[in-house]
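We just call them A, B, C and D in the order they show up, numbering each chain from 1.
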């Protein structure tokens, strides 16, 4: 069957068997390999993408269910102007280690921040329970989401302009 | 099956027209567009390096990891993100029975399926055994199955779905054998011997210092306890995956999520019986290891399938295989006996441990060695005796896992230390301070220790935590 | 996954027509979080076709109707968590919804799907039972309505015929604002299956337990009520001791099994604790003016 | 009712096993612009090894970490490495890279000696410059030296080295010998709340003080400690592979194999002990594996402190803890005379 999605702002179609999951369509038909196959049954969250504004497990959704909808994957987060604040903070603080869970964690966090711009640590923890990580103990991720939230609330956010705050700092002296 | 599949698909497409979905936007134009290329922000400014004035520093710097940008962008290329042109997908049939003799394997139905390109059984593997110390592990069991996760046959097909259907179509006839499923049972003379012979013990270790009996004789009190820690799964988020690719000159490239490519290459050369120089192993970024990706699992099988089919082959474990067909942390049974003086000094410690090795050796010897050496704890004990044994059982193979036996023995020696402290009425901090290694202390193996910082770590932790020592 | 076909229903009538057309070879796909996970590792033959009802417009929406608070069967757990209407009229439903799976599964999974899957440990069931919810089913023979308890037959078995679908769940008007609370205990804090869950509701005019309801999950083939514990409470002054005793009675009514997650004995212990805590939680929601509502 | 408890555990952990050959090789090539390429046979497995190794190479060459490009994990192009196991990468591969970088640097010193009119032995590499020790004003940029080495002198600065810790095999009878290059040490303290009605253990915070020698990158060391505490937490109270009587795994998926989620993870207070090991690269030892070693014991000791239940077998599930509490109550009842 033909499935049409708006992926990262672009309209794309693919002809896929009906039992194809959204994850398989993204990874194998559209070559967007950012979302990962970790458990394939919705336990680990490595496949998290945003569909119509909501974080979902792409492994637990048929491509057909996403037909006509808007899908954002990790590849759609950064722009020509720079990294998303979550990406910026995560890379600077070493929030990811092996990184396999990273695309899912970042997409879940983005969906959270889109709805809750000022999350408490408890809200961040609740939002991320569906993203298992075996490396980090989640500590720097939870801190990172808070930091990114603060960055996004500040209109002067240097990360949004693609410039790193620490590199900019010496010039202010 | 595949034909069946295609028929059904046409049928369904037909029915689909009966039930149009109004909410969908269809765009035939979109089909003509290329597959989506990742819209990225590249090229970006190089990663941040904190600088202190003019001075360039490296060591001690909270520098950004070189891979963290790709991680955040979703651009890190893990093994499963790699697809070679013409690549096939492999699946391995798991025994599902823990102890049995394979009487017959019928692969004919699988071989006849459209889309199936190669089928492999254990008898076709040139040298069907591997392992880092003992080469006791078959790539595909033949003829004896020693644990339920043993592979018995493999298929390469054009899609993973067809490979799975082909695996389901392979029938295996087993003669069930007795088995042994408990480490302490396996020690008994009458137990079933997983690898034949007259014992299931395949590695043992003794670390002896001073005279424990003399130490116990002098002790004010003696504490005894039996501790147990279970098997643990590494559970990396990335399942074990590899690709085998031969070139026209007969040179093999293995792309694999393995942390130890040198050893993998040796194992490949040995099992495939080809010169090591004809093998290249490319270790891709490992999506979590923790000791579970230190050796080959299915790579020679993939290589042989690829050779048969004349096309590259990818094999990926699903999450269940990641549990049952990889290695796990050894379950430990530990008996601790410790003699102390009235003021809480450890003067003798005897440890006996039995490790559940599962069906094959893997890194058991290393694990046992570390566990025995470390079992006395970071303490000066003049008389110590540690004995350890690893036994075969018909369970998942135990191998290397983060800590190599140290977390198990630490649970025991530090639980017992707490018990001793409470019984003697000494603060847990104080009793440790009285016994801890210091610079120049001698370890249980008689090694003179340097850069000993255990006291500092205790003092720092106590201060940071806010623990008030009661003396 | 093994191959199967896919059709999407526009509305409930269409869904029923599709089920009639495909017969027993069809499987209904609601949120898909349970169905797809099952299909991936199922040794059984796949369905001929899955009928996707998640897009059926008339199965959506949370609204107040003459009958009470109506939840379309395709309302997702996240919608329940964030619904101002539910927060106001039946906050215990949100309390139960927020501990189902994780954000990603709550965004896909539906209350109807959770009830129809009918696993004993479902988190949607107990609170709805404690609020005397009713359900409406649609099939080729028309609509039928029944108490939620009649939907549950056994583990993964409901009273729905193969060609019927659940279309709505209604919390009756008289039970809106009824003080209620939900408790769950799992093997970890996040993303856990319930070892035991429990919900309780009661009115407390003049500090007396009135119309108490206690419902338990994961301790019997289906979600169940604890009638003896309810009877014990009825007419008794509200007190901590009474709540604890009701918990102990409920524990005797539970019929838990021993499995690899926990022993039956431990599950019974948990029932006693969770019932007590659910009653205390409900009592925390009692407001002075509810005495009037109850009378 | 929730009961608070605290418990501590210390540990030691060996680095650089010597019971078998344990070598790493490394090649360092300085580019024409003064940056460098490092070839190593190890593989990045998530711990940040390539970052740490870059920092070691950069320190040895007097340049910045992102002046280093690492090529790794390829048996055709990279030198032999025993692999990303046994907490050996920083210590052993790091030593090999430091030695290879020093060798490439010596070539730079030879070239710079001519440019500065001093002996090579008087030079040091620092801040992207080759300078005379004690007279930092007398210097040439490394880029100039490197370019000259490549295209004028015809001596491209390339270093290669291997490192294998010195060994003394264990006596088979007594187990006496020197089985490891060095050891690291740590102490962790856990604070828990135990629900005495359900047995549930909530770990509130873990203070972890670790000796890892010189912390080449403290941020990554913290990352290892936090991840270790996570894994130790799972080991302590949740994780266990269950087998049926026929040896088949029962809970072989991430639904039923319970590991901590964000809601289970305690706060972690990291401390890095001031330490320097002369056998390690720039004083570094290791931290990867050790970080999980003491966690379970610290948590179980805290459980005892809270409710007086001694856990003898892991994991300390709520059911096990509650059974312990009930047994203790029953024993206490018996002791009280009627």
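As a working rule, a contact is a pair of C-beta atoms (placed from the backbone, for glycine too) under 8 Å apart; a residue touches a chain by one contact, two chains touch by 3 or more.
What you are looking at is a predicted structure, and each value in this text was computed from that prediction instead of being measured.
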Winner on contact count, chain pair B-D
Chain occupying the most central position, where position means C-alpha average: B
Chain B and chain C have mean C-alpha positions lying a whole-number Å distance apart equal to 40
Mean-CA-position distance for chain D and chain A (Å): 29
Quick one: report the Å distance separating chain A from chain C, using the average Cα coordinate of each chain. 31
Can you compute the centre-to-centre distance for chain B and chain D, using the mean CA position of each chain? Integer Å is fine. 18
Multi-partner residues in chain D (2 or more other chains touched) are 45-46, 48, 219-220, 228, 231, 253-255, 259, 261-263
Which chain B residues sit where two or more other chains touch them? 9, 12, 16, 21, 23-24, 47, 51, 64-65, 67, 235, 285-290, 319-320
Any chance you could list the residues of chain C touching two or more other chains? 1-6, 8, 41, 189-191
Show me the residue ranges of chain C that touch chain B in the complex, using the header's touch definition. 1-10, 14, 18, 41, 48-49, 55
Quick one: which bits of chain D touch chain A in the complex? Just the residue numbers, please. 45-48, 219-220, 222-223, 226-231, 253-255, 259, 261-263, 265, 267-268
State the interface residues of chain B toward chain C in the complex, per the touch definition above. 5, 8-9, 11-12, 15-16, 18-19, 21-24, 161, 165, 320
The answer for chain B against chain D in the complex is residues 46-47, 49, 51, 54-67, 96-99, 147-149, 179, 181, 205-209, 225-233, 235, 258-263, 265, 279-291, 293-294, 319-320, 323-324, 328, 366, 369-370, 372-374, 377-378, 386, 393-396, 400, 402-404, 406-407, 410-411, 413-415, 417-419, 422, 428-429, 432, 436-437, 443-447, 449-454, 456-458, 460-462, 464-465, 467
Provide the residue numbers of chain B that touch chain A in the complex, in ascending order. 9, 12-13, 16, 21, 23-28, 30-31, 33, 35-41, 44-45, 47-48, 50-51, 64-65, 67-78, 80-81, 83, 234-239, 285-290, 316, 318-319
